[in-house]
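First chain A sits with chain B, and in the next complex the same chain sits with chain C.
Up next is the complex of A and B:
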């Protein structure tokens, strides 16, 4: 029995990566849930909004490093993020003006908007790939200090056999996500504009009667969603790597997170993000070493003790999605019933 | 003219017997037989004819008015167009004929939002609160179009509806039916409206709560705000009404002060159950 080493292995390979991944999913799911709550449709273009935002941030990052700018030990992308957000806001508002506004004016049923968002998804998808230097390949753009705590320093510090690494990007992810969430909740619950957005989401007719301007609510929603999507995308890209297709695939865990938490409910989106991330990582992780440490000395289990191969990680979010839709369609936090 | 048998001359054209030249042809046909004073009305939906969208007409030459400082009540049997008449006044119905005037100004062409900005407060029958928001946030949202300090108005509303002060941090959706209606009325009052329109404020609440709500409505009216209200409970509503309108099939059937209508044997027989 070697509990300490088992815990370290678990932390290093499951808890820390899942926390970072969960924070990224939570930010993505917050965007989806905001659109669902306020514009009243599931935005299929969200994954590609994240991809475009990240691509824009990468381009700005390259420009900045080209000029010799750096905020080491932090990655330059954090400095570029506000500019990436602004570009994404412009793109999203452009799509709203050219595409979505028409459907609002004719009071289209939400399902039509869902289909429209799929069209927007394909357009954004192509647009991202056409950006100079982005293309379809993996791009790593994290620079600055790589580790907050590296395996070796941890071993030297503790004298344990197993090492624990915390990457800078993981720490940044959690911190930035926390800041975003606090800022968003403050905005929604404390400011006049934020409250008007909640009012519009709650009861559109009454919001109109109270003099709330729907176009303004929609505009601000898109701005916030663009900021959240770009931040989520950039954090994911820093943590792993950027590839347009991966972001498109992220749509599934993000939707699963938003629905598990309860669509339209921001707190639910965050909980859902972590729930999906922890399930995905723990179901696809091989627990051989952990069990080995917990078992008698000099014993290792024969199998990998892995429930699913990592190739099947999407099956995890998909199954959770199905189970939730079957047994609790309103999600954990009682969002709007679907 | 044609139903007068004495007008039938059976085709006589013989001028030696009758002289048609210069004989009178005009027939006097004055008025409706019901006096209606609409000139001084603060808010009036004047001879409105209209229906929803492109559908058939539901209202037929229907007139609803409320004077300054008064309570006007629209009563009538189910499907008489009571709520429809109120919606027409608020701009949620295709009014094909007639006009709506607020303080002498024609507002027939304005959207409901614009009418709110002009000083009309409207409390719909259903969906009249932001259920997921706290009572205080509901009131704040009611005052969204105002840019000045709203605390004094909120204080007035808490004085008017003391229960709301106790529950101000509670989600409005968690309150009882009567309390929700108070939130709804309070929200509408936050704009400092010049006239308040209530669509069945006592629908679905118990008789005791209903009495309390009526008391509150009278109190609101005492602050000087004219109230136009649709009510199912005709007798109670007419008791507090300065002016009552009985609608039948989208037409004005009886109009008068609340007391007159309560005393009117025909109204009693048809709508008040004897």
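Up next is the complex of A and C:
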């Protein structure tokens, strides 16, 4: 029985990675849920908005490192992030102008807007791949200090057998996500514009009657969504790697997170993000070592004690989604049902 | 309905036919027939999706998954069984699957039959956990035994060794089963939930095909699925065939490959015609009118006593079955199952573009869209490349912009499909041959 080592292993391989991943999903799900609340459709282009934003940030990062700029020990991408966000905002507003506005005016059914968003998804995906130097390959763009705590320093500090590593990118993810969430909630709850957005989301007719300008609400929403998507995408890319197709695949866990939390409900989106991330990581992690430490000394369990192979991580978010749809279609926190 | 519209439809079909014939003259008949056969399969997929979208307004974003299930059917029906693998652990794998299914059934029984108390939840959890442990123990060791049998060439259970044509209806049944499970959960809720659920299930089906080596050999692919038509070498070796090609004055090798493709085309055309006939009958029947009534106004249809949810489930299952059948036909045409070749862009969204461009709610429109868009899909890349070469011909050799543009030609497909979808939805949402 060696509880301390077991906890360290668990922290190192499950809790820390899942927290970082959960923060990334939560930011993504916040974007989906905001679009859903204000524009009232599921935005399938969200994954590719994240991809485009990240690609733009990568390009700016390369430009900055080329000029010799750096904020070491932090990755340069953080400095480039605001510029990436601005580019993405322009693109998203362009799409709203050219594509979505027409459907708002003719009051199209939500399902038509979903289809339109799929068209936007393709176009954005192609634009991302057209960007110079992006293409379809894996891109790693994290520079600066790699570890906050490395395995060796941890072992030397504590004298434990198992090491614990916290990568800089994981720490940055959590900090940046926390800042974003606090800023978003402050905006939604404290500012006049934020309140008008919530009013519009709760009851469109009443909001229009009280003189809220719907086009302005939509504009602000797209700006916030572009910022959230770019941040989420960049954090994910820093933590793992950037590849346009991976971001398309992130759509499923992000939607699952938003629906589990209740579509249109920001707090739900954050909870959903962490719920999905923790389930995904813990279901696909082999608990062999953890159980080995918890059992008697010099004993190792026979199997890997892994519930599902990592190739099925999508199945985890999907199953959670199905269970929620079956038993509580409005999500854990009450979201919109119609 | 009107004669003018029928004339327009015929004219469009003639134009698309001219595209194919033109390709035949400019490239080769072999290439054209290859494109034509896949266009037939695509047209059948588009018919299935049109049933879901055109008849009922259901948005299925998981077409790829149902296509892949059809491909799985081709393997399970057509391939010969691997005797050694069955002897080693086949029954154990099956037993594992049965135990797994029994666990789920038992859990559902507990949920439906027991009173809603805390005891019910604990009983369900206990059954699921215990069942999962037993399932994994039996199943995993069986899988290990099966996959150890001659892994370079086999390492899977094989199929039933039946005529591969049987796989087409079986593919339909497999896809219908998956659609039933999805429809049962996601229909009756908001309309986007079905979209998200189908997106998820298609990713999972592909993951299963890629990773369950005992079933599909995973990324090692199953090749050599038996054909329902003769092989080229057989034709070339037979006396009547060489005689015939000598009389026609053509090269027997090229002629044999054209003949094989024509045989496939004949089979596919028969299936397509049967399906169109049924679809048109259904569209013009009271059932078809009821579906349209539900699609156009669910509330008033429900008020008239129509069971909206089960009608939706019915048409969703039917449409998916047609897509699954097309998937089995495609695997038969390719003679192989390559799980990594299933890409959402190619198998989900392309089919959608076909339906929308052709005319949602019109079976002939969906078929036309299948032919036109598939031709474009194959041709856009070379045409896009040529156009870029032409546009950049003024720039110097080695100019970075020129190099970059030419390199990106591979992504033109994505851009074209996105733009086509957006433009059609905006300016011609009823498609080329609109609903009557």
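By our rule, the second predicted complex is superposed on the first by the 337 of 338 C-alpha atoms of A that agree within 3 Å, B and C clash if a C-alpha of one lies under 4 Å from a C-alpha of the other, contacts with A are read in each partner's own complex, and residues count from 1 in each chain.
Convention: a residue touches a chain if its C-beta (ideal position, glycine included) is under 8 Å from a C-beta of that chain, and two chains touch if they have at least 3 such contacts.
Remember, it's a predicted structure, so these values are computed and weren't measured experimentally.
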Chain C versus chain B on the shared chain A, clash or fit after superposition: fit
Arrangement angle, chain B at one end, chain C at the other, chain A at the vertex (C-alpha, nearest 10°): 90
Chain B versus chain C as contact partner of A:321, first or second or both or neither: second
Comparing the two partners chain B and chain C, which touches a greater set of residues in chain A: C
Touching partner for A:196 - first (chain B), second (chain C), both, neither: first
First, second, both or neither for A:205, with chain B first and chain C second: first
Minimum C-alpha separation between chain B and chain C after superposing on chain A, in Å: 18
Residue ranges of chain C in contact with chain A within the complex: 57, 59, 61, 132, 185-186, 189-193, 195-197, 199-201, 203-204, 207, 210-211, 344-345, 349, 352, 356, 404, 407-408, 411-412, 414-415, 417-419, 421-422, 425-426, 429
Residue numbers on chain A that touch chain C, as the complex places them: 41-42, 44, 99, 102, 109-112, 114-116, 118-127, 129-130, 132, 135, 248-249, 251-252, 255-256, 259, 307, 309, 311-312, 314-315, 317-318, 321-322, 325-326, 329, 337-338
Sites on chain B touched by chain A in the complex: 112-113, 116-117, 122, 124, 127-133, 137, 140-142, 144-145, 187, 191
Residue numbers on chain A that touch chain B, as the complex places them: 192, 195-196, 198-199, 202-203, 205-212
